[in-house]
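Here subunit A shows up in two complexes: once beside subunit B, once beside subunit C.
== the complex of A and B ==
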């Protein structure tokens, strides 16, 4: 049995026409970081709040460490949550924030509390800042204090609700590395929510993709990038191009040509061929021809939008090659960066 | 930084002067026995202070007013707290009409309400006793505090409570150690308004209150009425009336600044 299990969870908000979660199943193993990934408003935070007890589900069960916790109040669940905003208590110092819960619950002696707070400050690389007011901290430091405050409760499960989305890029990746380090050092089990696929790929041991109120697949991040299982996954994980295609075994035919795709499974017939923007190769000497309609330089590479065989494609090309709008680009496409996906009847 | 501190000190001094300067003539008149044309310099005497303070009615009335206003302040805050929080942080159908109803006691002249209250309070056994007087004050100040505090809660982030609870802290401790400190400045301001309001009430105390429980307005106002032509008596009475309010203001502003 998994460490955390959500079985058949359903939730509809008052006044909403459709459930935000339905038949929601999820399993998290002890010590892993599982990221729930999905578009904004798809129910990720609701799922987290149901685990924490801040929201109650209409159906289904939440089982943590072998115990059903459906009826427990948030404070009794042995979980701790870190929110998008740091939500530090402004009337307290950094150390008082970190020691907040064990101090109020008298969970340990004063000496032990002082020692553990100092240890936590060191772990968070905030040594010597315990006496500071939280208003003096930077955004990254605030979020680290928030993380430390949650870890001080020694939770069975740490819930992270988009903890990095309010930070700038540099701080974001630094703090993410810190979260992974804490996970490794403390063996903390973490359920992490984000809408950012790059953040998910960097943080996760496994990713659970949430779409239409349910987890459609739970797998290693790389799986989503190389083998999308549905149109929703492909659209979400940066498969920018799709063309109507016919699949027959591992061969896929479309207006751009016929391609042999290793490992292509699924049923044969009509569907879509998804092509990553990075699939472009043999620039200037390839078989395909496209007229450039827009140019978006992005540092080391340039993203071109072009019209090829009546299809609008978005392709990333090394910045060494330079094309202007209206020019013709010749290129080939690498089949290893293509993947066939069956049509979604609901789309 | 030093310039900022200087500017702040100047602003504080100007604010203190604006608050206290109008009291200077009162202070002077409280000790003047005679100063009319053609006398150029006033004649000072502490006699009016001695007379008023030895008047057996002033000090008990001062004590009664303090007891009543402090009780009204704390009870209004306590009784309005959760209603104000609900009004402030939640959106529900009928919220605006509820807020309008809370304004009603402030809209309608007290005199129009008091005589109706007198009849009802007589039937309830709340007439002419301390419990009745306290209840009558609360009828006005609980809605008032609810309205003021609800505005404070509109800017309150309820996620702070969710945060505390997900860290394993129960409802009561969350209310005491998270909610209260977060809205303390608003509570202080609301408390001051309730205290000053209750401190100034005259009509309710006279119509509903216990005749044996005299409050300061009941004793002081006759001294400052038209028939009394002694500036000095009026000045002493006004100072006695205002000083506790100023003391409360000083104390709470200190608390307010510290909290922020």
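== the complex of A and C ==
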């Protein structure tokens, strides 16, 4: 049995025409970081709030460490949550914030509390800052204090609701590395929610992709990048291009050519061939020709929109090559960065 | 300097009007408080007469007591009201309406309603008599025209607590809720959340609203004029009676009282603001 299980959870908000979650199943193993990933408004935060007890589900069960916790109030669930905003108590110092819950719950002696707070400050790399007012902290430091405050409760499960989305890029990656380090050092089980696929890939042991109110697949991040199982997954994970195609075994034919794709699964017949923007190779010498319609420099690479065999493609090319709008680019496509996906009957 | 003047120029009519509305009456009152027989300058005599008067001190302390109790009870009720109204329950809209409709009732009407409701010949006493709870309507407790100011406090509380409640409710439904949820997910129980998270977050806002409540009840005339006792008069009623004295000889004392009560009110508000500001600084707000 998994450490955390959500079985058949359903939730419809008052006044909403459709459920935000339906038949929502999820399993999280002890000590892992599982990231729930999905578009904004798809129900990720609702799922997290149901686990924390801040929202109640209409159907289904939440089982944590072998115990059904459906009827328990948030304070009784042995979970702790870190929100997008740090929500630090402004009337308290850094140390008082970190020791907030065990101090109020008298969970340990004063000496032990002081020692554990100091340990946590060290773990958060905030040594010597315990006496500071939280208003003096940077955004990244605030979020680290928030993380420490949650970890001080020694939760069975740490819930992270887009904890990095309010931070600058460099702070974001630094704090993410820190979260992974804490997970490794403390063995904390974490359920992490984000809408950012790059953040998910960096944070997760496994990713649960949430679409249409349910988890459509739970797998290692790389699986989503290399082998999307559905149009929704492909669209979400940066497979920018799709071309109508015919699949026959591992061979896929489309207007751009016939490609042998290793490991291609699924039913034969009509569908889509998804192509990652990074699939371009052999620039200036390939057999495909496209007319550049727009140029978007992005540092080390440039993203071109071009028209090729009647299809509009978005391709990323090293900045060493420079094309202007209206010029013709010749290139090949790497079949390892292509994947056939069956048509979605609902689309 | 020129630039400042040109920026202020469009507002000059308003500034002049405001100055006339605030400064001129203040100057008149202060001037009146120093005048004696035949309009001659009387020095501090009116002030010393007022400050030596037992009735003035009795009235001032009575007014302060009524205002402070009304404000404190309004604040407590407002927080309870706001906590109740932020929950979802059937009939919430009706409850919200009932708790707010008295804001729209003029104080004069509110005082009259209390007379009909709470006096010994009022609705509640008749009801209690018919129900056999009291032998005669005369046994009904004095809730209006009483020297303890109960009727005054009931009206002030009834009129003002929704006002504080609405400002607190806004907070409870916004940022305060997020903090409370955060505390809940950290394993902190309901009572401790109320004491350590909700109260510190709503008290600054409730305090600001309660200053207005205090000032309004302290300076109110209509309610004490209708519901007050002849033995314990609020300062506003006392000032009015002195001002309206037929032979006008008490008018300078009335002016001196106005200045002294205004200074008392200012002192209370400044102390209160200083206390809440230092509290806010401590909370890092």
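FYI, the second predicted complex is superposed on the first by the 347 of 347 C-alpha atoms of A that agree within 3 Å, B and C clash if a C-alpha of one lies under 4 Å from a C-alpha of the other, contacts with A are read in each partner's own complex, and residues count from 1 in each chain.
Throughout what follows, a contact is a pair of C-beta atoms (placed from the backbone, for glycine too) under 8 Å apart; a residue touches a chain by one contact, two chains touch by 3 or more.
The model shown is predicted, which means the values in this text are computed figures rather than measured ones.
Novice: In the superposed model built on subunit A, check whether subunit B and subunit C fit or clash.
Specialist: Result for subunit B and subunit C: clash.
Novice: Quick check for you: in the superposed arrangement, does A:229 touch first (subunit B), second (subunit C), both or neither?
Specialist: So A:229 meets neither subunit B nor subunit C here.
Novice: Tell me which partner A:264 touches in the superposition: subunit B (first), subunit C (second), both or neither.
Specialist: In the superposition, A:264 contacts neither subunit B nor subunit C.
Novice: May I ask you to decide whether A:54 touches subunit B, subunit C, both, or neither, giving the answer as first, second, both or neither?
Specialist: Both partners, subunit B and subunit C.
Novice: According to the stated criteria, A:175 is in contact with first (subunit B), second (subunit C), both, or neither; which is it?
Specialist: A:175 sits against neither subunit B nor subunit C.
Novice: Touch check for A:135: first (subunit B), second (subunit C), both, or neither?
Specialist: Only subunit C is touched by A:135; subunit B is not.
Novice: Would you sort A:338 into first (subunit B), second (subunit C), both or neither based on which partner it touches?
Specialist: neither
Novice: Once the structures are lined up on chain A, find the stretch of subunit C hitting subunit B; candidates are 3-11, 21-29, 57-65 or 129-137.
Specialist: For subunit C, the listed stretch overlapping subunit B after superposition is 57-65.
Novice: Check subunit A for residues that touch subunit B in one structure and subunit C in the other, and list them.
Specialist: 52-54, 73-76, 78-81, 83, 85, 87, 89-91, 100-101, 104-105, 149-150, 153, 159
Novice: Per the contact definition, I'd like the list of subunit B residues that touch subunit A in the complex.
Specialist: Going by the criterion above, the answer is residues 157, 159-160, 162-171, 173, 177-178, 181-182, 184, 259.
Novice: So in the complex, which bits of subunit A are touching subunit C?
Specialist: Touching subunit C: residues 52-54, 73-76, 78-81, 83, 85, 87, 89-91, 100-101, 104-105, 133-135, 149-150, 153, 155, 159 of subunit A.
Novice: Any idea which subunit A residues touch subunit B in the complex?
Specialist: 52-54, 73-76, 78-81, 83, 85, 87, 89-91, 100-101, 104-105, 149-150, 153, 159
Novice: Would you mind writing out the residues of subunit C in touch with subunit A in their complex?
Specialist: Those in contact with subunit A are residues 178-179, 181-190, 192, 196-197, 200, 282-285.
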